[in-house]
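These notes open a run of structures that come right after.
There are two complexes below, and they share subunit A, which is joined by subunit B in the first and by subunit C in the second.
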Partner chain A sequence: MIIGEQKSLSEIAAMLEGQRKILIAGCRSCVAICLVGGEKEVAVLAESLRLLSSLKGKGWEVEEVTVERQCEKEWATELGARVQGKDAVLSLACGVGAQTIQSMYPAVRVLPGLNTSNMGAPEEAGVFLERCGGCGDCVLHLTGGICPIARCAKSLLNGPCGGSQGGRCEISPETPCAWEEIHRSLERLGRLDLLEEPIPPKNWLPARDGGPRRIVRKEAVLTDEQKRAKGGRA
Partner chain B sequence: MRIVGFCCERGPEQAIDLAGEKGLRYPADLVFIKVPCAGRIDIVHLLQAFREGADAVLVLGCLEGNCHHVYGNLEARKKVDRAKLILDEVGLGGYRLEMFHVASNQPFRIPELALEMASRVERVGPSPLAVRR
Partner chain C sequence: MSPRSDLERTLLERRFAVTAEIGPPKSASAESVRRHAREMKGCADAFNLTDNQTAMSRMSSIACAAVLIQEGLEPVVQMTCRDRNRIAMQSDILGASALGVRNVLCISGDHQSFGNMKESKNVYDVDSVQELMILRRMRDEGKLWSGDELEVAPELFLGAAANPFADPFEYRVTRLAKKVKAGADFVQTQSIYDMERFERWMALVRARGLHKRVHILAGVMPLKSHKVALFMKNKVAGMIVPDAVIDRMKNSQDPKEEGVRLCVEQIEHLRDIEGVQGVHIMAMAWEEKVPEIVKRAGLRP
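And then the complex of A and B:
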């Protein structure tokens, strides 16, 4: 899932300066799980902005809406009627959701209420950890199911660096050394032999280094006729 | 002065009733809103009370370790802490909001806490929103 953090109220207020009719749009998917963009968080932010508006005379008219997934056009279509007549939409979805609704409703300014951070997972209630670097060339089968790209600060592929101390990374005592964890995992699996095979220098072209990625599943792509039959929706 | 008190219907509400029975006096402009558990209170409710013109808001939960719903009072405290930060951010001041733990046999705490919140309001002045109303 995608992990995000809400921008500070002062940052959001600065973005909304000069706007009057505002729609706060939440998303019930990843950002609801990481407690920054679901229905509840939309309600709290809306009330905070209404309070700020009353105090500072901003004149904001704040409405709330939350859809199942802002990043999918099928769900984002639900926003249609609510977006009409608004000066700005403050999206509490990740950057993907915010961009999707901006492309669907180009006449309205879509503002990001969140800073999208990473692809991760909830570790415990309220704690979210980065788990995948999205490098486009997964090596989890060689590393005991632990991603060295996302979980090693240096994304090393063949063992720990000199900064690994007592199983912890040098960047923070709260961060476990990914290679310590990889070793332990392979030991549990009885596959320490995998460590004897060096992983060659990584091809970063499938990662962000190759530019924005486009993945096409030919069998799922609709023909023009099929698109027309579906009412223009791809 | 308008003070809103959200109170759990278990310990705190009984303490309020007992305070009434004993004739303990507290400011008449303190309005209590009964909730099934302090944990039921949401940040939105707290902020809404201020937007409607409350000068101060207090939340009364049961004593720690004595919640009928186990963690309700602790959850309430977390929400109050978060709401205080929001109040600081919007410029109203988190000191206008406070959470207290009260048992049913502590009626004397009610006037104490009411006076505490009233004196906070006296120190910083009424809410700008209350003045506008």
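And then the complex of A and C:
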């Protein structure tokens, strides 16, 4: 899932300066699970902004809406009527969701209420950890099911650097050394042999370095005729 | 095979090698490098130039190496994976070779969060093992990693770092073996204060026969004070400084002399360990002490 963090109230207030009719748009998917952009968080932020507006005379009229998934056009169309006449939409979805609604409603300003952080997972209540680097060429089969791209501060592919000590990464005591974990996992799996052979330089072309990625599932692509039959939406 | 550098010659002839570190300045003038060069000339086979150590911008290691060559000293250029991708890395190696650099130390590099520009982006297109693979191909096959032929291949003596004090301990020898497989001709270790752990590591190195496949230079760093020792212990990732060392420094009337004496004792001890073929002296911001240490350890006249 996508992990995000809400921007500070002062940062959000600064973005909304000069706007009047504002729609806060939440998303029930990832950002609801990581407690930053679901219905509840939308309500809390809306109240905070209303309070701030009345205290500081900002003149904001704040409305709330939350959709199932802001990143999918099928769900984001639900916003249509609510977006009408607004000066700004403050999106509490991830950057993907915010961009989807901006592309669907190009006449209104879409502002990001969140900082989208990473692809991760809830570790325990209230703790979310980055897990995948989205490099486009998965190596988990070589690394005991632990991603060195996302979880090693240097994305090393050939074992821990000289800064790994006591299972901790050199960048901070709160950060586990991914390679210590990989070593332990491969030891448990009886596959320490995988650490013996040098892994050559990685092909970063399928990663972000190769430019924005476009993935096409040919069997799912609609023909022009099918698109027309669906009413022009694809 | 004829040696590509004086350092390689010393090691091939089985003479005990000495390398020493010179820290590039935060300056557009190489005057301090020239000063160190004049002070240190003749006390070591080759001199490491660190590459933006602790992730702070300093004069480039290759530029400093060129200055050392002008002064008649042999450089070891350190090249981290933090600041350059494979394109820049190979380009820098061609340039360094043209300037006369032969010894290159391939390292991951300290994470930029250690430095004074923590907000910068790191590269890590390749890691230190992959850096060795790339440089070896340039040397042995006369090709860039892409496969493109080089008109003239670089003559390189390839180095790697080894840290017996980092974890997981059992993996540290595997990692050395991997670096040897990838192309390391020599290794320089992290500073040794925990001699017992270093000897355990060396025993594992010998058990795998690695000491016969790679030249091992044991790292030492003279301490100026017990505060420096405490800093190493608590703040430097991948270092072990036993309390006995800290106490010895603390209880000394003349800590600087004690630091030098301890370093000399360590060198004398390291010389007798089977498989150790030299020492690498890292006298950070204390370069002028290296000739004295080398002399007192009986390594050079």
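To be clear about the criterion, the second predicted complex is superposed on the first by the 234 of 234 C-alpha atoms of A that agree within 3 Å, B and C clash if a C-alpha of one lies under 4 Å from a C-alpha of the other, contacts with A are read in each partner's own complex, and residues count from 1 in each chain.
Heads up, the rule we're going with is that contacts are C-beta pairs under 8 Å (C-beta built on N, C-alpha and C of every residue); 3 or more make two chains touch, one makes a residue touch a chain.
A quick note: this is a predicted structure, and the numbers were derived from the prediction, not measured.
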Per the contact definition in the header, classify A:Ser8: touching subunit B only (first), subunit C only (second), both, or neither.
first
Given the touch rule stated above, what does A:Leu55 touch, subunit B (first), subunit C (second), both, or neither?
first
Spot which of subunit B and subunit C makes contact with more residues of subunit A, would you?
C
Name the contact category of A:Glu47: first (subunit B only), second (subunit C only), both, or neither.
first
Quick one: is A:Gly134 in contact with subunit B, with subunit C, with both, or with neither? Answer first, second, both or neither.
neither
May I ask you to decide whether A:Ser164 touches subunit B, subunit C, both, or neither, giving the answer as first, second, both or neither?
second
Contacts of A:Ser155 with subunit B and subunit C, given as first, second, both or neither
second
Just checking: does A:Pro198 make contact with subunit B only, subunit C only, both, or neither of them? Give me first, second, both or neither.
second
In the superposed arrangement, which partner chain does A:Cys177 touch: subunit B (first), subunit C (second), both, or neither?
second
Contact footprint of subunit B on subunit A as seen in their complex:
8-10, 40, 43-44, 47-48, 50-52, 54-56
Mind listing the subunit A positions that touch subunit C in their complex?
153-167, 170-172, 177, 179-180, 183-184, 192, 195-202, 204
So, in the complex, the side of subunit B touching subunit A is made of residues 42-44, 47-48, 50-51, 86, 89-92, 128-129
So in the complex, the part of subunit C that touches subunit A is made up of which residues?
81-82, 86, 108-111, 113-114, 122, 124-130, 133-134, 145, 161-163, 165-168, 171, 174-175, 177-178, 181-182, 190, 237-238
